[in-house]
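Labels A, B, C, D and E are assigned to the chains in the order they are written; within every chain, residues are numbered from 1.
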Amino acid sequence: MVNPVVIIAITLMAAFSIGIFQFFGKKFVRGVFWLTILFDFSAVLSIAYGFLTGKITKPIMVKIGGFPPPIGINLSVDRFGAYLAVVIFFIGAMAAYHWLNKGIDDPEPKALVLMLLLLLGSTGMIFTQDFFNLFVFIEITSIASYGLVASNVDWSSLEASFKYIVIGSISSTFVLLGAVLLYKFGGSLNMLDISSKITPSRYGGVLMIIAIMFLFGLLIELELFPMNGWALDIYQGANPAVVAILAGGIVKGFYLVFVRSAIYLKFPYILKIGLIFGLTTYLVSQFFAWKQKDIRRLFGYSSVGQLGLLVLAAGFYVGGGLQGIDKTYMLLAIVFFVLNHSFSKSTLFFITDLIEEKDIEKWKGVLKGNKLLKTLFSTSVLSMAGAPPFIGFWAKLFFVLAIPKQYFYVVVLVLLGAVAEIIYYFNLYRITSSDSENCFEIKGSIVPASMNTLVLLGLSFLSGYYFFLYTRISVSTNLLIMMGAAIIIYIFGFSRIFQWVLSLGILSYALYLFKNININLQGFFLLFILVGGLILVFATYPVSKKYSWSFYPLLIFSVLSMVGIALAKEWISLFIFWELMSWSSYLIINQGSKAKKASWVYLVMSAIGGYAMLSGIKLLTSGPNLVPGFNSTAMRYSTLSAILIFTAFLIKMATAPVHIWAREAYGESPDGFTPILSGILSKMGVFGAILTVVYLLPHTAHSSVILYGLALFGALTALFMALFAAFQENVKKVLAYSSVSQVGYILIGIALASSLGYSAALYHTVNHLIFKGLLFVAVAGIIYRTGTSYLPEMGGLIRRMPVTFLAFLMGIITLAGIPPLSGFAGKWLLYSALLEKKWMFILLIAMFASIVAFMYCYKLLHTIFLGQLRDKYIKVKEVPLPIAIVELVLAGLTMAVGIKPSLILDFSDKVVKSLGFYGPGYAYQGAHRIVSKFGYWNAYFMAVFAIGAFIIALVLFFLVKAKIRKVGQLDIGYSGEVPDSPESVHFGYDLYAHMRRAVSPFISPIMENSYKKVYNGIAAFVDYARRFYTGDLNTYAMWVIITLSFIFYIFYKGVF
Amino acid sequence: MWYKILYGLLVVVGGLAYGLLLGGISRKITARLHGRRGPTVFQNYIDLIKLIRKKTAISHGTMFFLAPMFRLLGGIGVLLLVPIVTKSAILSNFSFGGDLIVVLYFMVFGCLGMALGAADSGHPHSALAPTRGLAQMAGYELPFLISVIGLAIAHNTVSLGTLVSAQQGGILHWNLFQYPFLSIAGFIAMLGMYMAYPFSVVMAPQEIAVGPPTEYSSTFLSFMFTGRSLFGVGKYVLFMDLFLGGATNLLEAFVKTFAIFLFVVFITGVFPRYRTEQAVKFFWTYPVVIGLIDFIRIFIK
Amino acid sequence: MKDNKYFLDDRPEKISYSEVWQKFFNWARAKSLWVVAYGTGCGSIEIPPMVTSRFDAERFGVSNVGTPRQADVLIISGYLAVKTLKRVIRVYEQMQSPKYVVGLGACTVNGGMYYDSYNTVNLVDQYVPIDVFVAGCMPRPEAILAGFAQLMKKIKEGRADGWKQYLDNLDKYRKNQEKVIKNWKIPNYNW
Amino acid sequence: MEQTIKKLENIFKIVKKEKGKRENLNILEVEKDSLHAVLSYLRDNESFKHLALVSCVDWIEDNKFQLSYILWSYQRRVNLIIKIFIDRDKPEFKTIMNLFPQAEVYEREIKELYGVNFEGNPTQDEEFVLEDWDQIPPMRRDFDTLKYSNEMFGDRDSEVKKTNIRKIISDYTDEWRRK
Amino acid sequence: MIFFGASLLLILIGLYGALVKRNLIKIIIGLSIMDTGINMLIISLGFVKGGTAPIISLKSLFQKNSLLVDVSKIVDPLPQALVLTAIVIGVAVTAMALSVVIRMYSVKKSIEIDDFKELKW
């Protein structure tokens, strides 16, 4: 352990002796510099290690000059100071390394001096216990940063520097004023001393003014909203290495000083400051960043927003009246926020320097080539945007959980800001991951960014560990281990077949682990996910070659997170895995070559859903119980919370008003993933919806109205999506709408909340997996062979792919619900359930929707398989073997279930009983005869009847048939003309043009357009409001004074 | 069970004879409406015999080959799943409790099969016709479903047998008089179901050749012909069961189905053709509004 | 058509013709004639009146179909250019046996008033077997009906076997056809 | 109309003026080199925006082909025929597609039936109405259709005596020309 | 009290200069004035009317009846120590600002704020 004074002294000495050392040459100077940094870092690390392991328990107090504290200046290193110093020195070292290896603008020794001074100043600022000394260190830091900011080759850094100087001077004026006035009126400069003399009752009058002045000086440095124009200019104009250390380290020092001063001064209105300035800063900068074109300024907005959030958190931590576990959560939230921001943001700034491109649009395709860079960038962006399992996610979660319930609006606003953050961050990600001809070369060393990311990853695991430790949520260790295994798959990126086999292995192992699970709701879905996942992942191999090496790890990750959802016992853990699923599926969808925009919409909708769920969960918490289980309800809020939680599930199911993401995301996602997206992932919405209806809705006041509304939504979804599907020209988009439409039926079943309804919903869930998995897998194979998903380009493939056609036909028959196969039983159950409740209008719409569905069923069969075969497909082969196997397995399943529905219904019965209903509302007779109140349905008889009648017809035909000649493809009665090419006689484009004339008002994308209008409206507004930052120094300074006056006004008059 | 199958075959044969005869009568009546003499009422029999005894036939592929069988299967299915004479062990066929939904879906079976076969022939007209048919189906099914669901809720059953027995006891107990508006909607929908004028845009002779079976010939065509006749009879019986109180003996069944048949023929004989979207719009406005009157009455009750 | 991926290239087999109820079936064939009218020339305008109220061919079981696949009778209505002949041959070959051809007007008999035209085929029965000629320029619908009556008579008696002759003497017909149609672009055997 | 013709006369050399059989029909013969200029003038300055037809006449006796360009003015409701003569042994002329794009089809027809080659017309060698024609162009008067018909399509042994109608017509026209 | 008021006045004048002036040099002058004001304020905080310097001189040690200086008459020495630091820092900031302005002038040949509004929005 090293005396903290030594750190400061040695750094100071080294800094000023560099001027002499430069005569020995550049290398020598660098050596001295690195030695100093190394020494400092190891020193603070040893102290921090001492705190971490518990060897040091009390803050280290150092007297200077032998005077005892109230009289002499002293330093105090506490836990957080030490940690922060480690972070600052680490990032400082990384920034210095980055800068020195940049190669083009080698910093002169002066810059190294300034760098050392900067680190020294900020360390001193953290350590000092004296208000005036604090001012001195602040000034050292500021002057060093003025110089460093000005040191960029770009002349605009001078402008930034000058703005910084002026605002910084004003700020330090206030700090100094506060400090000396404190001395005058408080009688001491020592923090502890003053703290002991101040009681909150003394506030009012002079002390209030002084405290406000002092804290206000620090607030300016913390870049809060109306007075942060200069900070954004620095982010934009200065050298990224300097910005990285400023944003990643120094500002955090100011933050610590601010929080500490507020505590010592016992300032009573710190929460109000947080709520007014912190929250405003957070929201405003998250929205202002939407239309930002300069990437560094965009990150600047993000940094400013994070600082606002931190100030808000500090407000809650210091003045929010938190006690016990809440306080611990908030502290952890703050620590995680700080760490997340420091490491992610500095990485991002390093990367901006490596690419050297400022305009966002020019970042197009940056990440295409470089695997490492892509990993670093994605990790940082994901962590910044709060994606699990990165540290930002846990910070946000702790934060939301810790906020007292009466501040629910804060939760809503913060989550709103988080959505806004996702919007612009992933707009950026969309641009960077899209295809482009641009060629980029990395200028500089990638080591600092990698080191940062490594630390970030380690911290992410640590923070996740802490989360589970503190919340006492139990998570299946097996599951986590298997998720870890996904990383191993990631490493095997060079061999696709290895990845495939490993993925299958993991899924089979999971199935083996959970083989004895109870068949209740969770167990049912668990088996559903694993069996379905295994079958569908089996089919992915041939098509996976088109996609990135991270396809399989993410696939396994998303499937396993679905398992996590099914295994969840509390709402919070459900939320965690829900987010994991959303993010990993987003990353997979994003791999589709045209899916960039689509996946962005999907992510934003998912985020809205996820955060709605989180705020709903927040409402469910009561008192000390911050992790509500499924059974816990806080009666007062339960209607709202049920609706909020339901929003998430509805969005995932893509029902009527929130369906806008579905078409593009399904249509453009990787072909191997679409079956899983449609067959399993959207069923997680079903799972959640059942949970909500069973556990939450019974406690609400208007449950029957809500349920009827849900059923209506479901029915309208089923109808309109079926109608939309008929007018799509892309096979996957047809199936996308079809999926959504089918999920609408399931929603009706859930909303019925009767045993028959649940049976129908569960049956249809499995059935939908069977036939939609079959259809999507077959389509994946077809696209793989033909290379197109555009329907008018296909046709006649029955001649080349008979097996696929057979399977596809069975899938379509099941989809349409035509008797002998398994589709009909689901329809029958659903209609019986509706009849039982006498929901006539829902029944009418649902049945009508199934009629409308025939339109797209025929369209799919015809345009893909029938009609004329094109010349270019004359040599097309049958789909690859894995896909063919999966097709046949699923086709066999639909046939088996069609004859014997009890294969599924046995399971769903158990689920319905475990949900607390007396029985399924129907009875069996001999495993294939279902009897309900209204009649019965004998699947076996129907199958025998249909097959028998078919055989009779066939026999009859062969008895009387004429001499049959199979003619050629183009040999059609064509008015005596000889068709010249298959294309000229193939009818495949816009099959329902005539229908469009009848239904055109209904099929215009009203919802999509209105969402787009809202988005564009907000974007245009924030784009205009951004002009608040005029770039004029006087205006910036003026806003500082105006804000000060505002603060004085509201606090003095007690308006707020 | 075996005797049921035997009688089932007999019903199919009888239904075919009746269906062909009705077709012939329809041609005769239409001719008379046009001021012509028209063919004999047995013309359809002759046509069928000729088609069966054609010497050659062509095939375009597997689906093309199987489609007539599906069509026939659909016809047989519909005919055998609706009870012709209720409470008769033989002539209630294979109907069972819950058959209404099954029949609704089985009706699609034959159409879908034919559509697939037509599409497989590779003739653009054949492919075009089913899209018109499906669009029109989306039109007429709405009023039809309104009437069917209305009746099912009103009588609390999805069994045709129960529906029929609920209408026994006098002519005023028929759904035609109990729920007149539902019946009107249902019968208008039936016109669309027959795909004859004014809703004949599917076949649309002289416009898209002869619609789906453009490429079909000889034996294949004879099967389609048979299936269509059976299908027609099945639908007449279905509507008889739904609205006209079913039948207690065979004679009554003949009379009632013939009455429905005459209704259809007299409408189709005099109207020109709707375009697809006109037909759809028509179905979605007048019959729906009419049907909803009774539907809401049942809903409130 | 040598390189043939769209069309069948097998020569159709000859059909042996023996039935148990020969007469009955011939009667049925005669009573149910489905006509595809190929409007080659001015005669096509005479066919619509044939099925309207005044003449009403349907009372004899004669009715129109829109596709050669289902048709029994092909009406060649009027003069036949070489270009049209190709189409007629194709339509004829796409019809299913038994099939009959009725030639309307003088032009089908010997070229009529276009006997010396450079593009009107003079003797249609060299190229497709014609069962009944209806003379006239143009024949009135009554005449056409009379022609149909003649055709029915022939069918009933089993004498309308043009389709069989066509199959039996396919080479001869083909030779005649290829003489006129110099560049034989239509598929060889396509019914 | 007279004014127009006068104006034309001032600018171009009019070989011959004729009055048509109708009131609103005028026929002008111009030199073949000035045809494009004449047509362009008429189109742009005299409202003859519409090219109704391009036709050809075989004057076998004079060893000439006559090309007639029939124009129509929507405003004045008059027809104007501009005709030129080209050498029958060397049946070549320039296309007027640059003035009237629709002339493409007319010229294609003339090429097929008379064998006049229009330089600059990209589609003139495609088949127009005849398929696989291997004789001399059939509308040339030196083409004997009866002979061709007899050779090609044969003849039924019948009582009808075939006469060469073409011969009769040409005799008649000769007589008419002589008058 | 006069010192107090005067120093506050100086701070406000300096602030006014920094807020309103469009010339970079004038802004720096404003900042300097502000510094001076604060320095005066610091001094004035320790001022005691009629007090003496907080120096215990050697001579006073030998005087019998006043071994120690009258403590209530001593001016507070701490603000004086502070002000020295503050002055140094103020000078450093001014120097830094001026050097930046020199560089800015060499780039754009102007020291008007209106020419330095590139970074915005």
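Following the convention adopted for this analysis, a residue touches a chain if its C-beta (ideal position, glycine included) is under 8 Å from a C-beta of that chain, and two chains touch if they have at least 3 such contacts.
It should be emphasised that the depicted structure is a prediction, and the values quoted were computed from it without experimental measurement.
Student: Comparing A-B against C-D, which pair counts more contacting C-beta pairs?
Tutor: If we tally the C-beta pairs in contact for C-D and A-B, the bigger total goes to A-B.
Student: Name the chain with the Cα centroid closest to the overall protein Cα centroid.
Tutor: A
Student: Please tell me the distance, in whole Å, between the geometric centres of chain A and chain E computed from their C-alpha atoms.
Tutor: Those two chain centres are 51 Å apart.
Student: Centre to centre, by mean C-alpha position, how many angstrom separate chain B and chain D?
Tutor: Between these chains, centre-to-centre, one finds 62 Å.
Student: List the centre-to-centre spacing of chain D and chain E in whole Å, with centres computed as mean CA coordinates.
Tutor: Distance between chain centres: 107 Å.
Student: How many angstrom lie between the centres of chain A and chain D, each centre taken as the mean Cα position?
Tutor: Result: the chain centres lie 77 Å from each other.
Student: Would you pick out the residues of chain C that each touch at least 2 other chains?
Tutor: 12, 15, 67, 69, 86, 96, 191
Student: Pull out every residue in chain D that's touching 2 or more other chains.
Tutor: Counting only residues that touch two or more other chains, chain D contributes none.
Student: If you go through all the chains, which pairs of them touch?
Tutor: So the chains that touch one another pair up as A-B, A-C, A-E, B-C, C-D.
Student: Please output the residues of chain A touching chain C within their complex, sorted ascending.
Tutor: Of all residues in chain A, those touching chain C are 874, 962-963, 965-971, 973, 975-979, 982.
Student: Inside the complex, what are the residues of chain D that reach chain C?
Tutor: Residues 129-132, 134-135, 138, 143, 145-146, 148-150, 152-156, 158, 160, 162, 164-166.
Student: For the complex, give me every residue of chain C touching chain B.
Tutor: Those in contact with chain B are residues 12, 15, 17, 19, 25, 28-29, 31-32, 34, 52-53, 56, 58-61, 63-67, 69-70, 72, 96-98, 191.
Student: State the interface residues of chain C toward chain D in the complex, per the touch definition above.
Tutor: For this pair, the touching residues of chain C are 82-83, 86, 109-111, 115-123, 126, 179-183.
Student: Taking the complex as given, what residues does chain B use to touch chain A?
Tutor: The touching residues are 9, 52, 54-63, 68-70, 72-73, 76-77, 80, 94, 96-102, 104-106, 108-109, 112, 115-116, 119-124, 127-128, 130-132, 134-135, 137-139, 141-142, 145-146, 149-150, 152-153, 156-159, 162, 209, 214-215, 218-219, 222-223, 275-278, 280-281, 284, 295, 298-299.
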